[in-house]
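Two complexes come next, and they have one chain in common, subunit A, joined by subunit B in the first and subunit C in the second.
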Partner chain A sequence: MPVEYRWPEQGKTAVVGHEQDRIDGLAKASGTAKYSYDINTKQMLIARMLGCPHAHCRIKSIDVSPALQVAGVVTAKPMKEAGAEIQWPGEPLAVVAAETEAAASEGAAAVQVEYELLDVYVDDTDRQAAEAAGRTAKGGQSIELEREPGEDEDEAEFEEREIQRLLDEAAKEGVVVEADYGIHAITHMCLEPHGSTCEWLGDKLTAHLSTQNVSGTAGQFAGPLGITADDVTVHCDFIGGGFGSKFSPDAWGVVCAQLARETGRGVKLMLTREQELKIAGARPSGFIHVRVGANKDGVVTVWDSHHWGTGGPDSGSIRPAVVPYVFAPPNRRAVHTVIKTNTGPFRAWRAPDHPQACALSQTAYDDIAWKLKMDSYEVFRRNLHTTRLPDVYAAEMEIAARLIGWKEKYHLHGQGPAEGSVVTGLGMALHTWGGAAHDSTCLLRIHPDGGVETSLGSQDIGTGTRTVIAMVVAETLGLPVNAVKVNIGNSKYPPSGPSGGSTTVGGVAESNRRAAQDALVQIFDLVAKKLNVSAEKLVAAKGRIHVSGKPDQGLSWKEACSLLGMKPLEVRGSYSRRENQPSKLSSETVGGVQMAEVAVDKRTGVVQMRKFVAVQDMGLIINPKTARSQVYGAVIMGIAYALFEERIIDRTTGEFLNCEIADYRLPRLGDIGEIVVELYQPESEYNRGVVGLGEPPVISPGAAISNAVANALGVRVPVLPLTPQRVLEAIKRSNV
Partner chain B sequence: MKPFEYAAPRDEAGVLECLSPEPGHVEILAGGTDLLPLLQKMILTPRRVVNIKEVASLRRLSADSQGVVIGAAVTLSDLLEAPELAPCTALRQAIEGIDALQLVSQMTLGGELCRRPQCWYFRNGHGLLADAGRRVVQGDNRYHAILGNSGPAKFVHASRLAPALIALDASVRVIGPEREDEHYLPLADLFRTPRHERERETVLLPNQFLTHVYVPHPEGWLNATYEVKHGRGPAAPLAAASAALLLEGGRVADARVVLGHVAPVPWLSHEAAQELIGHAVSAETAARAGQAAVAAATPLSQNAYKVDLAAVAVERAILKAAGLPTGGL
Partner chain C sequence: MKDQPHLTLPRGGVSRRAFLKGSGATAAAAAAISGTTAVEAAESRATFVAAETVSIELRVNGAMHKVTVEPRTTLLDVLRYRLDLTGAKPVSIDASSGASTVLIDGKPASANVVLALDCRGKHIQTAESLGGKDPDPVVKAFIKHDAMQCGFCTPGFVVAVRAFLDQHPNATKEQILNGLNGNLCRCGTYANVIMAALDAAKGGK
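Coming up: the complex of A and B.
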């Protein structure tokens, strides 16, 4: 009989859904966990790269020989040739390997390069200027209108006229908000910079790589090195942050392996902090001009917007399909223009496009409330029918409102009491994300002595993947969590997907639950034979295999495993989206509601977080403790880009000015206020199975906090982050 | 980082012997919180680094009936714990404003006063003045000077303790170049606005160094520091001010108001002090003093907001010193 893969009913689990400390928490907290940056090999060299000091130039000549004169330098090689055009600052030009870090950095600085300077373009805020300078590309558009053009009508003319008609109608009977909003580019700012330590044993490469993609990076090393993926082992037990920027070994990973091969020694090449900020990933900026019309009840009838931004020298920026965000009013048009700048290229940043789209559009929804003198909550609620998850949002909004005290504290925009120069306000936003499980395979091995281990080429990007895997296997086999050994972080294990897009927990839960259920069938058969009972009647619980309802009629887990004989039982668990969906173990699409309470000092422009409430659905929750942590982290990351984080570029030279920790502002613990996380898991959610959680809670904070500041001040500060400067300037503009 | 000689002399004379008359040849190491990153980025490339933390006289803090003498290598956490400095609230508040336990434990008083500017053009290798100020004027100057910025220096002085100490009428002891050379000068006179790349932010010759700071007992001077900060933690305030007020019969008899992070030097505002003298401290007089402090401001292309912040900082430092509510966050 085929096994039906499913979870126990809600409330009937022994491990899943219960608070579980991370199984590697102590190792991380005590420093015994080895991150890629911590891996040293015997006789290892340190490599450093010279980054281009200019934002746009051509390399006239490059000479690495002066680096070789620096004491301690072992080798140096160019990474670009004469004639190469460099399109962003910090692009690696040469690499130097040396006995010490100091010698490597001095050697890199000694490399002689002649540059031909080219025109620099970095302004991503002014679309007309970029168009005039020929620095734009069409980014596509998304349009939906209730009415259709007549047969002889020109489509473009009809669209224009119809949108204008709807806006005029709204202006007459309801309200039109015409406004600009924006959000600046930020970087990924991984605490552990990108990089690797590479070592060769004969023709075989081991790369200790800081990566979100253990199973997918071996081939990326192999190709440029002229070997095949079977000759490469990628190893990453712990990673200090990736956020979407660490899927590839990158040019610096490959050059590290080359240096290791050429010198016959292990080589460590980690980016410097400055390089980490300049070249290892950025989130595209976004700026928008919006006209949005609503009826007198605050229901949006028409949305018309044009947004632009930069993802670096080529493409990037926010897809029009997610504008307006979450809400899909019956008539809408979103046009997108890409601005090509001499700035570091974008990489996927936690929920690509969504945080910006949310900040660019749900601010406009909130301004409808402001203009209509309505409660923001009401305007959001009355537009829920245009979302894909109206019931989930409605339920979550009620919970969030209760937790933040919306009813008691809310006042109309700018109408709250002031204490000295301090005013307070509330704001909210909604988000959504897919979070479908990625493909995953695992090898579950049950030893005759009762030992259990599962191996898969997954990775723990800091969120508790190891713990979740152990919980799934333990739940299935009726064992305590510490009875399961989890082997991940090595590309020689069965392949599992990269950790991106909130796909990991679903993926590893699928493969491991399947493997463990399959293994259990085989063990049940052995036990059934031994006890002379029907295998269908057996259950695995509390470390025993026994007849359901009769714990005495059974064997201990160890006794049961001894029936395996000499060899361990090996079961491969496999999940692929194409073959195994629909699955009762996982599904996709979540909502999520967040509310912010802020205090603003009108004289200094300083915004202080008072309270932040995040209500989040995610289907079935495997570990509430790490799930909650995930939301806390996301909210703090959201507060960071709402109030602090910003890539600051010199407008004439294109230099990245704040590329060190002292200048790249991030919130401190004292800046985040009280954060309340509520995991929303009614039976309807539980029964959907696992849905990923990584991205969704990072999406709403920008809009929610901006809306709270607007509510406090009665003035919209249109561009994130909401620095004291921007707040003061917005107040000044509103007084003119 | 470039290789350098390292010296750790045991007395002041030993330090002097290790210094050089050539600018940039020798750097003094105390807490190292500022020097090390500058060495690593090769913004500073000295031939020799002289650690002064082994000099016992520089680690000493002592008080007599007149005031407190503090060695340059005394850490900021030691200052916070010194009961002799309890009446120097402006100083304590400035130290607390750094808001980072590791830095406060490691930073020294001398190092903090001589901290190099955080100007990103300087920190990214374009020199202290960044092409005679041109890069700042044409570039991103949101954190730069709004006062005293008519010359090539557009950075803001980095010290957070200097405004408080100047408001408290501190002076300093400097020795060198010769062994017997010993100078005492008001702390305010230690700082200068450099006019070219060979000058730094203090009047010290390359072969002189700051050994002690003398802080007279405030004796009835009410004093406080107010910083406008963009978030918690050690990042420099956007504007700051320290105020010291001597009240007689409910009116201000004398006042010293010093602004921080608005000019290439700690900015002593006689104009603000004059607004106060002869008046009782109130929200109105404090606001007038704030306006007077920035009346001569010459903001750059992007930092006009700092003029408002500097005025608020002055106003609130005065109110805080007088024990009145500041009305802000």
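Coming up: the complex of A and C.
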């Protein structure tokens, strides 16, 4: 009889859904967890790269020989040839391996390079200027109109006329907001920089790589090294942050392996902090000009926008398909222009495109409330029918409003009471994300002595992957969590997907639940035979396999496993989205609602977080403890880009000015205010199975906090982050 | 309401990069050597920092370790590369991340801006000393409140909280919010760290 893969009914689980401490919590908290940066091999060399000091130049010559004169330096090699054009600052030019970190740094600084400086272009805020400088490209558009052009009508002309007609109508009957908004580029700022420690045993490479992609990076090493993926082991037990930037070994990973091969020694090459910020990933900026029309009830009838921004030398801002964000009014047009700049290329940043799209469009929705003198909550609520999840949002909005005290505290924009120069305000935003499970395979092994281990080429980017896997297997086999050993972080284990797009918990839950259910069928058969009962009547609970309802009529887990004989039972659990959907274990698409309460000092321009409420659905929750942490963390990362962090580039030289920790402003423990997290899991959500959570809650904070600041001041501070300077400038412009 | 919700980050008095570069480093290294008899005057090596080594003893987590260091070698380098104690992490060039926080004679310090030579005769404690079979209450509180995600900042944070609570055994939430701003976390574990610190303050040693 084929096994039906599903979860126990809600409320009938022993492990899943219960608060569980991380199984690797002690290792992480007491510093024994080994990250790639922490792997020390015998006789190891440390490598450092020389980064290009210029944003745009051509390499005239490069000479690594002075580096070899530095005491402690063992080898040096160029990474670029004479004639190469460099398009962004920090691009690696040469690499030096030495006995110590200090000697390697000194060696890299000794490399002699001659540069021919080229024109630098970095302004991503001014579209007209970029067009005039020939630095733009079309970025596509997304358009939807209720009416269609007549047969002989020119489509473009019709679109233009129709949008204008709708805007005129809105201006007459309701309201039109015409405004500009923006959000600056930020970096990933992984605290463990990108890099690896590489060592060879004969012609086989082991790369201790800091990666979100354990199962997908062996081949990326192999190709450039002239070997095949079977000769590569990628190992990563712990990764110190990735956020979408660590899917590949990168050029510096390959060069690290080359140095190790050439010197016959282990080599560690981690980026410096400065390099990490300059070259290892950024989130594209976005700036928008919007015209949005709504009827007198606040229901949006037409959206027309043009946005631009930069993702580095080759790419632009966000996809027009996500503008406006979450809301899809019946008539809408979003046009995108790419601005090419001499800045570090973008990489996927937690929920790619969504946080910017949310900040660029739900601010405009809030300004409709402001102009109509309506409650923002009402305007958001009245437009829910244009979202894909109206019921989820409506329910979550009610919960969030109750938790933040919206009814009691809300006032119209700029009309709240002031305490000296301090005013307070509320704002909200909505978000969505897919979060479907990635493909995953695991090998579950049950030993005759009762030992249980599962192995898969997954990774823990901070979500608590090990813990979630152990919980799923323990739940299925009726065991305590500590009875399950979890082996992840090695590319020789069965392949599991990269941790991107909030796909990991769903993926590893799928493969492990399937494997454990299959294994249990085989154990049940053995026990049934032994006890002379029907296997269908057996259950696994509290460390025993017994007849349902009769705990005495059964065997302990250990006794049951002894029936396996000499060999362990091995079961492969496999999930593929193409073959196994629909699945009762996982699904996709979530919605979340967030509300912010801020205090703004009109004298200093300082915004202080008072309270932040995040209500989030994620289908079935495996570990509420780590799930809540994901939401807390996402909200704090959101507070970071809403109020503090931005990549600051010198307009003339293209230099990245704040590429050290002390200069790149991020919130600290005292900056975050009170955060309330509500995991939304009614039975309807639980029954959908697991859906990814990591990304969605990082999307709304920008818009929610911007809206709260606008509500407090009665003035829109249009560009994020809302630094004191921008707040004061906005106040000055509006004369409040 | 707090008067200064935004902290000013310490622009590390000693930037390691600046420290190790050029003539300043040579002078500093010379200053560090002076007073020791084990070291002969460094040979003049013109443009580069002297690489003469010194054999010293360091007391780390209760045990004495004999290590050979250069005058410029930081405590963090010794811990990570010689003793394989990698709980303290290299995150910033200065003291602005708190990721390499250790206790030196009971006081918190960023090991990446402390020279190994200056640690002779002192008692160094790393995050590893707070773990083991009977972990420190702060470690337990971090686990209980899930005050970690990727975990790279966590050992430094744990040591900082331990040091803070040693000085403020009955710390209030207000004190915690004002007193633990030296440690940077990118995953956003602050809310959980606050809960853990409060819990450890109430139930800690």
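Note that the second predicted complex is superposed on the first by the 734 of 736 C-alpha atoms of A that agree within 3 Å, B and C clash if a C-alpha of one lies under 4 Å from a C-alpha of the other, contacts with A are read in each partner's own complex, and residues count from 1 in each chain.
Assume a residue touches a chain if its C-beta (ideal position, glycine included) is under 8 Å from a C-beta of that chain, and two chains touch if they have at least 3 such contacts.
Being a predicted model, the structure only gives us computed values, none of them experimental.
Residue by residue along subunit A, subunit B and subunit C are tallied for touches, and C comes out ahead. Of the two partner chains placed by the overlay, only subunit C lies in contact with A:238; subunit B stays clear of it. Legend: residue contacts after superposition of the two complexes on their common chain; A:729 is shown touching subunit B, with no touch to subunit C. Once the two complexes are overlaid on the shared chain, A:565 sits clear of subunit B and of subunit C alike.
In the overlay built on the shared chain, the residue A:603 is in contact with subunit B alone; subunit C does not reach it. Once the two complexes are overlaid on the shared chain, A:549 sits clear of subunit B and of subunit C alike. In the superposition on chain A, contact of A:462 is made with subunit C only, not with subunit B. Residue contacts after overlaying the shared chain place A:671 against subunit B and subunit C alike. Looking at the shared chain after the overlay, A:658 reaches subunit B, while subunit C stays out of its contact range. After overlaying the two complexes on the shared chain, residue contacts for A:28 are found with subunit C alone; subunit B is out of touch. In the superposition on chain A, subunit A positions 71, 101-102, 105-106, 109, 274, 422, 599, 606, 608, 660, 662, 667-671 are in contact with subunit B in one complex as well as with subunit C in the other.
Subunit A contributes residues 21-22, 24-35, 37-38, 40, 70-72, 100-103, 105-106, 109, 189-192, 238-243, 272-274, 422, 461-464, 599, 606, 608, 625-626, 628-630, 632-637, 640, 660-662, 666-672, 675 to its touches with subunit C in the complex. Put simply, subunit C touches subunit A in their complex at residues 1-2, 5-7, 9-12, 20-21, 45, 48-49, 51, 70, 72-73, 77, 80-81, 84-94, 96-97, 99, 126-128, 130-132, 135, 139, 142-144, 146-155, 158, 176-178, 180-194.
Per the touch definition, subunit A reaches subunit B in the complex via residues 71, 101-102, 105-106, 109, 274, 419-422, 599, 601, 603-606, 608, 643-644, 648-653, 655, 657-660, 662-663, 665, 667-671, 723-725, 728-729.
Of all residues in subunit B, those touching subunit A in their complex are 1-3, 37, 40-42, 99, 118, 120-121, 123-124, 135, 138-140, 142, 228-235, 238, 305, 308-309, 312, 325-329.
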